[in-house]
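Shared between the two complexes below is subunit A, which pairs with subunit B and subunit C, respectively.
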Partner chain A sequence: MNFDTGLILASLPEIMHAFSVTMLMWVAGVIGATVLGFLVAVARRYGPRLPRHLLRVFVEVIRGTPFLIQLFLLYYGGPFIGLSLDPVPAGLLGLTIYGAAYFSEIFRGGFEAVPPGHVEAAECLGLNRQQTIRRILIPEMTMLVLPASVNMAIILLKETAVLSIITVPELTLVISAIGSQQYAFVESLFLLALFYWGLVEISGKLGRAAEARLSRFRLALA
Partner chain B sequence: MSWKLFELLVQASLYTVLISFASITIGLAIGTAVSGAMLSPSRLLSIPGRAFVSFFRGAPLLVQLLLIYNLLPALGLNVPSIVAAITGLSLCTAAYQAENLRGGFQSVPRGLLEAADMAGLSALQQFRRIRAPIAFRLAFPSLVNEAIMILKASSLVSVVGIVELTRMAQDLAASTYRPIELFAAAGFLYLMINWLIALGGSLFERSFRAGRP
Partner chain C sequence: MTVPAVSVKRLTKRFGQTEVLHEIDFDIPQGMVSCLIGPSGSGKSTLLRCMAFLEEATEGSILVNGQPLGFAEGPDGKLARLPAARIRAVRSQIGMVFQQFNLWPHMTALGNVSEALKTVQGIPRREAEERAMQQLKKVDLENRAGYYPSQLSGGQQQRVAIARALALEPKIMLFDEPTSSLDPELTGEVLNVMRALAADGMTMVVVSHEIGFAASVGQRLAFLDQGRLILNGTPQEIFAKPRHRRLDQFLDTYLDRGAAMLV
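The block that comes next holds the complex of A and B.
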């Protein structure tokens, strides 16, 4: 063990910056993936036939191939079709597309799981289409998709580490660099793993708290 | 892209399949042991079991792989990088499989075990004849899913210098300046292998469902 706290303190600004990059990629990636995934799910449910089939293929391809291959295709292949992106935007776009495929499946399941009777009841009560979507479909779907969405958000947090391979200056890249400069690679990676683990645990707890709140709402509905 | 390049990718994909298969198999063995530890009434076993699952599911696989790749030599174990890669993948998938199997073992109907007790089966016999077959059958669909996850995750071992499918595509893309074709072809091969795993899984599932209501 040759852990020099002085050197760690010296690189603290760098670590804080890397932390902010990881958090930015994660939060922006989750938001982008949720929005895009929702649009894909809506298009697959209500869209015309051709886009529906194309989107199905898109989702299957993204879910069936490694994230790293998708990133390489985007980052190294992009410039050949006029899409030259820096590591950070490339990483963010990659994470968004990857997450969107999974989120679209979650939302698709959510749409299907809302009991048709509830929508019919809303119609009987005289709610118009927009009210039905806003008051019935979306709240019910939110409850149904929350556990899987929290799970997916946690998976995306762990996937941000892969962005280090295309040189996004996030935590894994920066900590490995500092660790190898100081010959304390194992120790720094272990701390890094613990850090991610802690963040995953906290997110999981927050997710379960949110579920508990929403399921109370569900009981009130029932 | 020439046929020669595609052939190189196909060869590398055999390596990917080999690594994934080894990891899934070793992971299943470790996962079974860990699920047993988690379900143990003794805290001395259940707490470490849960800690193992929580850690390996909570930290990114890439970080785990880098850690194990550097930790083994630091502990004086000079193993080839392929061993480090398979160790990393196995431990990670073991954590996920332990969680699946725990669910399987917990859903074994209590009445069956009571009946086995009455019939005079020993604990070992109960495990071999009743608990294990039911738990594995219940956990099988998740196991197929996990195999697909590990196949995709095995692309990460390219960073520790193992020339499997992803690394081969990367090397060839660098030397031919044709990244789009090569990464698309690699992605296609991953899709095909995943499709085969899913197909094999559903056939196998049907075979042990045969004759059941």
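The block that comes next holds the complex of A and C.
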């Protein structure tokens, strides 16, 4: 097998653009999914009964169906309910919803893992619910959910490849298009794998550094 | 006669079908140390948690310095939940210390003690930390102010927890088995802090297995068994012979376990 890197280098500007699209989808998707997932987890902990049940069903449906199908439904089915989105916003919305379902479960577990006594102590000292969530639950939960959240962020990075099927001009779409134009399938796929793996390695390292910084608290929670 | 610090009136607590407390009636006098003793499952911790409003009574009521805690009788004679702000106002007179300390692990000792001053009372950080420091001095931990709970011994953590409760200047301090999760060597330092607090005239309610502490520092003792208040009086009255049969059995089990604290 002959690796023709020259062909790839000739397309570097396109690849760099696609790389930035992937990064945008990933970073914005993770932020969106974290925020939405957190709101879902809070609503499921403190909300009224009906929304709690609806959200549980939402989480189960999203977790129980393939991302690919969800994306097709959103992009091709959306217009039937008046939701016509361009590929990039559709992809971002899909990724956010998909990630939120998982993040909400991570956060729900995190909330439950905070010892109830820590919340009772806050209650006895007069902190109201918002203050308890902001000052006690969120910081304590953060260190508990960090490993699972980094893991989920990594999964979402790889899921951005699926966005190629609704023509989001991200790495997978652009590089495989270049590959097929230039008859360099293997090279392009190899390059793609390298890109994703490199990013995963970097984010894994960042995650471990964050965990190490927070580890001094963990003793007390064990 | 002054109002009792806490007045418990016909308090019954059920968890589902299980009755944990049965029509408890008693008063906590002002400025004294009252100890609740009794075997495991007798309901003494639940009673204390009801006084902190961490558990809601199924029936009956609690008055703190004459003010209803949590629920008050409405015009129709039924108990109605008070507004959250009023519940907080009454609760602010009460400080609670837990068996498991329950310090917040992401804050230093100083952070734990100053947190409610900042968040609840809105005191500026610098002043809140100065006041927190004074409390840490009281429990002899000013040189550990910057330590996280995981860097402190159990006894030190419990002393920080006491300082945290004291920072809000409560009128009544509740202690739920404050030394039960400590090594015997570390219980002394916590009990000393509690003795000093008692000497200052703080109204205290202590649920404890430390019969020695209850007998020596407690000015009032209440003995609970199976959710009922069996005995209530001064230590002299309660430990005087002939003792109540159930109390004798309870004390015997202590001696059986080799505890020398009564000898």
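List of remarks:
What we mean here is this: the second predicted complex is superposed on the first by the 200 of 222 C-alpha atoms of A that agree within 3 Å, B and C clash if a C-alpha of one lies under 4 Å from a C-alpha of the other, contacts with A are read in each partner's own complex, and residues count from 1 in each chain.
By our rule, a residue touches a chain if its C-beta (ideal position, glycine included) is under 8 Å from a C-beta of that chain, and two chains touch if they have at least 3 such contacts.
Keep in mind the model is a prediction, meaning the values are calculated, not measured.
In the superposed pair of complexes, A:G126 makes contact with subunit C only, with no contact to subunit B. In the superposed model, A:Y183 makes contact with neither subunit B nor subunit C. In the superposition on chain A, A:G117 makes contact with subunit C only, not with subunit B.
The wider contact with subunit A, measured as residues touched, comes from B rather than the other of subunit B and subunit C.
In the superposition on chain A, contact of A:I136 is made with subunit C only, not with subunit B.
Comparing which residues of subunit A touch subunit B with which touch subunit C, the overlap is empty. If you check the complex, the residues on subunit A that touch subunit C are 115, 117-118, 120-128, 131, 135-136, 139-140, 143, 216-221. Every residue of subunit B that touches subunit A in the complex is listed here, in rising order: 54-55, 57-64, 66-67, 70-71, 74, 148, 152-156, 158-159, 166, 169-170, 173, 179-180, 183-184, 186-187, 190-191, 194-195.
Residues 60-61, 64-70, 72-73, 76-77, 80-81, 158-162, 164-165, 172, 176, 185-186, 189-190, 192-194, 196-198, 200-201 of subunit A are the ones touching subunit B in the complex. Partner subunit A is touched in their complex by these residues of subunit C: 52, 54, 84, 88, 91-92, 94-96, 98, 100, 102-106, 115-116, 119-120, 148-151, 161, 164-165, 168.
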